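Each of the next two complexes has chain A plus one other chain: chain B in the first, chain C in the second.
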Partner chain A sequence: MNQPSHSSHHEGTEVRTLSNEERAAIDASTRGPVILFIGSSIFWLVIGTCLKVVADWQLSFPSLLDFTALFTYGRIEPAQSNILIYGWASTAAFGAGLWVTARLSRVPLLHKKLLISAGIIWNLGVIIGAAGILVGDGNSIPGLDFPGYASPILLIAYALIASWIIITLCYRQPGALFASQWFIFAGFLCFPWLYATANILLVWNPVQASAQGPIACWFLENLTNLWLAPVAIGTGFYIVPKLISRPIASPSLSVLGFWTLILFGSWTGISNLFGGPIPAWMMGAGVAASIMLIIPVFSIAMNLHLTLSGKYEVMSWSPALRFTVFGLYGFFFSGILATLLALPNFHGALQFSDVFAGASLLSLYGFVSMTFFGAIYYIVPRLINAEWPCVTLIRCHFWLVLTGLVLALSALLLGGLLQGFAQFDVASTFRSSIEFVSPFRFLSAIASVLFLLGHLSFAFLFVLMLLKTGKSHSGPALLNEPTENSLETLAV
Partner chain B sequence: MNKLPLLFTGILIIFGAAWLGLVAYPVSNLGHLQPLVDEDTAGYFPPSVAGLAVAGQKVYASAGCVYCHTQQVRLDPTSTDIAKKLGVRQTVPRDYIRDKTAFLGKRRIGQDLSNVGTRIKEANEFHQYLYEPSSVTPWGKMPSYRYLYKLTKIVSQPSADAIQGLKGPHAPPTGYEVIPTEDAKVLVAYLLSLNKNYPLPESPEPTAK
Partner chain C sequence: MTSNTPSNEDPSNLPNQTGNKPTIPAPVLRENPEPTNASEPIPLALTSIFFVIIFIAGIYLALNSGGFRSDVFSPDLVSWSGAGAGGPAAPVDPKVVGKRIFTQNCIACHQSTGLGMAGQWPPLVASEWVVGGDWVADNHLVGILLHGLQGAIQVKGATYNNAMPQWKQLKDDQIAAVLTYIRSEWGNAAAPISAEYVKSIRDKTIDRTEPWSQKELKAMPAESAGASVTPAAPAPAAPATPAAPAAASAGAKSTPSA
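Entry: the complex of A and B
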């Protein structure tokens, strides 16, 4: 942390450095709120994964816990996905977004107690929402299941959190905005728009159901494309250059990736209703946007590769870089997969198969979650001035979730292809579609146990870390011996 | 790109365009559809729905049926839904005007239910299925909804509501019967009402090849 790597940014010649004192003041101001957000996101990650394990096993063994309404698949499934979206990914996005914004704007957060209250209110909203789904008040709108009485709580908390991001950006030290800041700003601007629109039109005062299909698709897809993805990319684009002490390779690719992601990303959702009850022009627009989405996907991935090329070996010892880079490449692969699946012929055959569940796993887990894991590995040691206490746990976390991801993804994609074939082929019965996919569902249920084990090691590691706050200052927790002297003294 | 207001305006315009197309357009153009009058019977298409069936939608949402069952018959020829007899024609926005929430669904872990009311016509059959799905389709993956039913002792004579012909491990022992709760009754009323095979001019039935 003592070297001026921060100044080697991508905005050209101007040099901006933070003295150690300034950086310490900023980190002291973000410590409370960011630790609260990250800590609660890890809590929800564990809870959500437990429910996911139950839901995935129920797909293989439908009689599991079928004696009570509370644990029926139709409630466990939305509960786990909403907990993972709002409890884990969004809460982690708040933590990472706030920290990166404060660092890059080079001003401390003001009135952090208000921000801490906002974090508590947000978590309260997630608790009420998840409990609401389990007791049967869910809306049965994917991604928007939290009942109408929980979502206002989330929106109120959100308004406070987003205002802090925007205030911090407005009062930043004079100078240009970094690519990371554009992405994070866009995410924090789009989320309330998405969430309020969807709640008003689908939950609080529902419009006629004939108009709901496009709105629900627009909401669900943009929840990833315009909220989680920009914040994850913004965070990744801050962490990667810092860890390898090298600026983002191409500012113009950043500009291209940013604007095309917003432009095409906001239209792709509707392609999920191809052939469904929507006007023909929407189907066309959705497919076109999904195909054009490869522009931001390629420009962001290319930029990342150019930045990292020759420095990939840092991944072998730095857990933060390893997770972040896997995550950002997850964005690349999920973008390619989404484009392929939007092509009408693939879509018609596979739309209701497990292939789409695999695609959403790849984007929400392989991309968003992995990137936020990397961000947490980077941010937390800097906030509490201690190194990660146990390398074995980091290793367990990485290999368990990576194995889980590869296993679940191959099972869902292969099983889904067979299932989709049986669903499409006129001569096949519905029964054969279930029988084809069944062994693969069992594999993905095993994979979700691996996820759970990985997340438990991560949570345990985080708790150990908190217990150690402010104490010992041993060397950084590296996964392997660095092959060269890294410039970062805290190279985690 | 270096000024916050510029960035803000850019995002506002681009995201706003998608919002106009995918949110405002459907609300103003698809959000006020009326049923069509059937000239032969002076009834309506889609037909109005009984109060019980409307109440059943709530149970359908609360049990999360939508996570395994779709309710859409898609366009030919990119899908084979019509050839697979999920419905006689593609479903269009007007088909959903009687619903509170459009249960379009994302995954077919179970069958499409757009027209399930034309395939299963007896309430008792639905009750048997919901109570113990594995006794009807042992290969299926549907969980039991026993929580929507009450196992009671037959007092003097069997209740008229009791489900007939239950088999399998959860069938009532002699002297007992299974009575559907109010939720089970309205859910079945809703499922029986699912029938989108009436004609609509905007979605003609494809002619046989």
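Entry: the complex of A and C
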């Protein structure tokens, strides 16, 4: 056939078992830091969504909260996006990545108190950064708005957290590495590279102006492609086979998906500078890399589908699997959309429209957030020995977030198309392009309220869960009655 | 394999695991074993798709790389080998720019059809003020755009009494573009107006602050934008006899472009 068999992957499978005691011991060692990371990420999720609601409503009603500079759109908007990236998604990535790495390395975490301190420093950095944006010290570089005095704090905390992941991986029990471990390890190696490079070249010691655009685009795109995406995919690839008691279908596809994502993912950002003052070859390479990004997107989605095929019904009762699978398919759709938008014909017309806001919403909410929601639903009961207390709240969370996502996405894509074509039409004014899009922006403002409600029910559920710590008397929280009497139905 | 039966359903399945360690959480006890890899190959169809994608991306890069030169900013200007780099960008069609300026500024009165509104705003279609007439010529038209027009005027035999605002805030090339547009749209076929000509009229009338009246314009000798095309003919015309040379120059202009 068309590829060699990866026999080395199978040799390790026999030793890849953990007794329940070992699992419990590993979970006991990760409990403190992981609960800290997950808890604070949910806190930032709620804060960030509140700010997002304000920012989205300000697009429809510009006079909202205009009595003080603190709440103007120019500060609320970067504050919400940075809080959601660094406060929510990255912090959740720490929690999930740490837990999955410790589980798969089959060793307990050492010196977890230092890790807890690192988590506290990280949250301090997010607080200082968000406050810095709100008082007007932001950098107005998307994804990099935290002022120059906040980012060193984040980097120091990050160095500690990432070292723990790497140390845990180094002290792993013998045996082949599992796909999740490469993904998470690569993500944790990429973040300091991206964040330090961008901060040095753009914030602390800015380079000449013509080079700043490509660097900013490279950074923003890679924040998803090389940091959040690998960690989310790695987490998903651990949780999905655990939940359905099946092996990952194709190790070859995992390898292919991993290397092509790392190789091409880092080039795609430049394509956002279409028509900008950069040499043509950079633009060409960016678009070519965006086309090539279809390879990891298809590989990962196909691998997931082959693994899940015939077991999709588990999604109807397992909240963790439902969120994770929606999240990983969100990766598929956001990858396709990103490739389409990178093509010059689309990009030329839609470059300054809401379509790109829709694309980043799909990648940050549809993919990263949904996957981490699934991970949190899986991880937390194991760490604190309790079951999710209220199925209705889980349902609320899921349906509110999904409805909000579909509504916001259709509004931003449709409105953005109209806006983009109006901008592209030489006979129509810029103002009329804004008028076309304003009803759609109102719809997306409604959608962000749905997001807020969903996230509030999730946060409330998490608080209820913490209050129940150690009282695992009821059965697992299932969204629906399992259809079969098989054993894995209850392994949620 | 360890038993993965949920403990909180029937704890009898885990006699030795919960012995002296009472704190193994129930969710951990019901877990499936750690994930492994199966050995399914990459589907052949997917492999083929990937090769097609690699091919397309490679072709795209070859056609749009600008020869990987640091001084080539537009792939349209260079072949894949890097020959023919640089060069000026293609000039913008003034009629396209003119249409946009017309849509933004003029359409409210003169309408997108250029027919204006009977009794209120004069038409531009086949109007002697636009394409040239008995005494009206290019310098009058540019002057009206720059400084506006007020009071009763006759257009195609009808009288209009309204005010045209001044547009001197627009740049020379913008005024030239919009005039070129109205002179070539809706069946009008007069010669284009150049930005240099607009500049020359602007310089001549730089001190003017009031809008023109028809009487004042009539007193001004007719002059053609294409001064080099119709040499010497309109220049010596006295204010007393403006009609003949203006008509001649208008005729001379409109025939070649028609």
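Definition applied: the second predicted complex is superposed on the first by the 471 of 492 C-alpha atoms of A that agree within 3 Å, B and C clash if a C-alpha of one lies under 4 Å from a C-alpha of the other, contacts with A are read in each partner's own complex, and residues count from 1 in each chain.
Here is the rule we go by: a residue touches a chain if its C-beta (ideal position, glycine included) is under 8 Å from a C-beta of that chain, and two chains touch if they have at least 3 such contacts.
No experiment lies behind these values; they were computed from the predicted model shown.
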item: Which superposed partner A:426 touches (first chain B, second chain C, both, neither); value: both
item: First (chain B), second (chain C), both or neither touched by A:252; value: second
item: Touched partner set for A:277, first chain B, second chain C, both or neither; value: both
item: Partner chain in contact with A:23 - chain B first, chain C second, else both or neither; value: second
item: Which of chain B and chain C A:298 touches, first, second, both or neither; value: second
item: Touched partner set for A:75, first chain B, second chain C, both or neither; value: first
item: Contacts of A:241 with chain B and chain C, given as first, second, both or neither; value: second
item: Touched partner set for A:56, first chain B, second chain C, both or neither; value: neither
item: Contacts of A:267 with chain B and chain C, given as first, second, both or neither; value: first
item: Intersection of the chain A residues that touch chain B with those that touch chain C; value: 277-279, 285, 426
item: For the chain B and chain A complex, residues of the former touching the latter; value: 1-4, 7-8, 10-12, 14-15, 17-19, 21-23, 25-27, 29-33, 60-68, 70, 72, 74-75, 78-80, 83-84, 90-109, 111, 133-134, 137, 139-148
item: Chain A partner contacts - residues on chain C that touch it in the complex; value: 1-2, 4-6, 8-9, 14, 17, 21, 23-44, 46-47, 49-50, 53-54, 56-58, 60-61, 63-75, 78, 96-97, 99-100, 103-104
item: Touching residues (chain side chain A, partner chain C) in the complex; value: 1-3, 5-6, 9-10, 13, 16-21, 23-24, 27-28, 103-104, 178-180, 237-238, 241-254, 256, 277-281, 283-285, 287-289, 291-292, 294-295, 298-299, 302, 306, 381-387, 426-429, 472-476, 487-488, 490-492
item: Chain B-facing residues of chain A, complex; value: 58-60, 62-64, 66-69, 72-75, 77-78, 136-142, 169-170, 176-177, 182, 185-186, 189-190, 193, 197, 201-202, 206-218, 226, 255, 259, 262-263, 266-267, 269-270, 272-279, 282, 285, 344-345, 347-349, 351-354, 356-357, 423-426, 430-431, 433-435, 438
